[in-house]
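Scroll down for the structure; my scribbles are underneath it.
Chain naming follows the written order as A, B and C, and within any one chain the residues start at number 1.
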């Protein structure tokens, strides 16, 4: 593996970490799709700052984008409060406007310069190692590592510092208010972090894949544990796994790195849905069948207690079951020594 | 009595959500021409019982007959009045159109309402006292008036059995009195009225029969015979003042 | 003069055709969108739009066909797969619906990206065509596309008119509809299929990201002016038609701007104007 490849892996892992952390709380608060809305809505803020500074690397871009993100959430909340539209319609209307304005500005004023629509949507991970941070002639390494590294560090620090407040306002906002924590501040703080993370990741993985990194690892982890600390740990793990496997796949088949990461996060999600011990499909199938059968046995026994000895056809008719199903349940009950059969009549063993 | 002489026959009914029983081995034969209250604590399975009769939920075991036949053959004999909060009252229709929906079963697919349907709707609106509001939008009405819209919608179906789910929650006293009078009038015409009711204090005043539920059948029969402090305590688990 | 005249006719004919196409699309997507808004499925639309992308890319990779019906079929197939997955996962896991929608949206879109980069490696220059599904480019609409739009539009509008009262009833009170004997489940399937078809055919005009706005914005605006169902859907259709046509016109006038964003800007302006200046819901 050469240096460029290791750098790409480091950059994408940092992006994954930075994105997963706010994503967990967006999911727990039931506003998961705001991540998609914000990832698209930051565009005009970014473009306006780009036109002002003429530099793609300026930190003002992050500032402008964050403002745009916050403004989107504010507008959406305002519309919901006015009751003129419901929640999902409000979200589905505000961000497309912001995004369209952004695309309009790019098309009119920024077409010939680096800021390109394709990059915005699709990202361009492969080029990130070559875009270096050079100050006074000294090469400090890829610009992306500095940016994503700082954001990942910022998000981790904020999580550790505000852990109690985040958790409390997520699960019991009225109580938080009583003890003096403002749920509104935490909420808008989370939105601000989401905006900052999204805009930084735009150049790397593009708007939509950022959403995959925010939601898929958290959703996958939620199927395994609802406790916060394991949830965070597992999310980070799944994010890293998706990133590494995505990069490997993209490298092997020479396809989009960002897209592969999104696909792999989806694949991991699918795997866990099928195999998870509590909520997984396999577990549900096994558990459900056994429990349902036991329930039906109980029902038959209760019926026989009230109605003494009965033939299987009478039992089937009374309970509204098919005859062969009834006979299967009766055999199982016999095996469990709950019911005894003499002539053609079944009765309960006292 | 033959099964077909009962309006609703519930036999060995067990319903489960996520493999956990919410109704267990319910047996009840409900005759015509009575006003029956279905009462019990929260989670007792009252709404589930109504939904089982309407085949909106599928039971694990048991059968229900309507006048001796399966529900599918007797669908037009039953009118359903759901809980008020089950719809979006911001939906853009008028009171008249909302009540007309009750006639769709008679009108059939692809056709438009006819004169008979329009007359039926106006008559029903008169019975519930909503005639001046016919062209208003449903969002403009109060909670009690909205409940009466549902009642009118049930009336136009010209059914023999009425199933109401908590019709008296959050309604004004005018609505409550109008509704009770209307239900008693229907009962006197020989209809069967089954009401999921939340207020124990008014059962004696409004109803003839009562079914006390708490997953299982605690008591069933006429109010004089079975609605006693003992049965109520058995259903609710605490001593209640009646 | 002779050499200019046919050119003028050709240009005029092409823009008329494009206008006609976007107008029709605007009308029937607004009609479908009215039901989407009332059923509170706006975000589902967003997920379905993104989910159509891998289907379109995949079928192109397999067939190299530029036939719009083929591409729309591809989009419809992956859209259907995504809705089945969404419904299945919602029913069987404790995850909230919007989390599942977000994951589906991003993962399917990512798949689309992977397939698109695979296409880009082929010695053909059609990736620009696929780009138009992400951003929208109405000016590339061909007569075949317009014909397909007309066909799907006709199908959608006739379904709605034919089963007008049934759609209205089921949207308002589905359990009550079931007690009257209506096959609500079947209706849900039919409606979702109509929605997926509308999204698939609309993607090339507005693009994946903005399609949900094209569907619900006309109805959202119309709702601020009327509470009558029939008026609502007609007004929404009118708004959809005007916005689509003006957006398309502005986009070609400004040359470099894709159609999708322009249509959405016009639509959103109408919506926000309606929110601010209509007399309904004003706090007393």
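A few comments on the model shown:
Everything below uses one rule, namely that contacts are C-beta pairs under 8 Å (C-beta built on N, C-alpha and C of every residue); 3 or more make two chains touch, one makes a residue touch a chain.
Note that the structure is predicted; figures quoted are calculated from it, not measured.
Of all chains, the one whose mean C-alpha position sits at the greatest distance from that of subunit A is B. Ranked by the number of C-beta pairs in contact, the top chain pair here is A-C. Spacing of subunit B relative to subunit C, judged by their CA centroids, is 41 angstrom. A separation of 25 Å divides the Cα centre of subunit A from that of subunit C. Touching two or more other chains at once is no residue of subunit B.
Contact of a single residue of subunit A with at least two other chains is seen at no position. For subunit C, the set of residues touching two or more other chains reads 223. On the side of subunit A, the complex with subunit B involves touching residues 288, 291-292, 295-296, 299, 302-303, 318-321. Residues of subunit C touching subunit A in their complex: 37, 40-43, 45-46, 50, 89, 92-96, 98-103, 105-114, 116-118, 121, 131, 134-135, 209-210, 212-213, 216-217, 220, 223-224, 254, 256-258, 260-262, 264-265, 268, 271-272, 275, 280-281. Against subunit B, in their complex, subunit C makes its touches with residues 38, 162-163, 165-166, 168-169, 171-173, 175-182, 223, 226-229, 232.
Within the complex formed with subunit C, the residues of subunit B that make contact are 54, 56, 75, 78, 80, 82, 86-88, 91-94, 97-98, 101, 104-105, 107, 109-110, 112, 137, 139, 153.
On the subunit B side of its complex with subunit A, the touching residues are 11-12, 14, 16, 19, 21, 25, 59-63.
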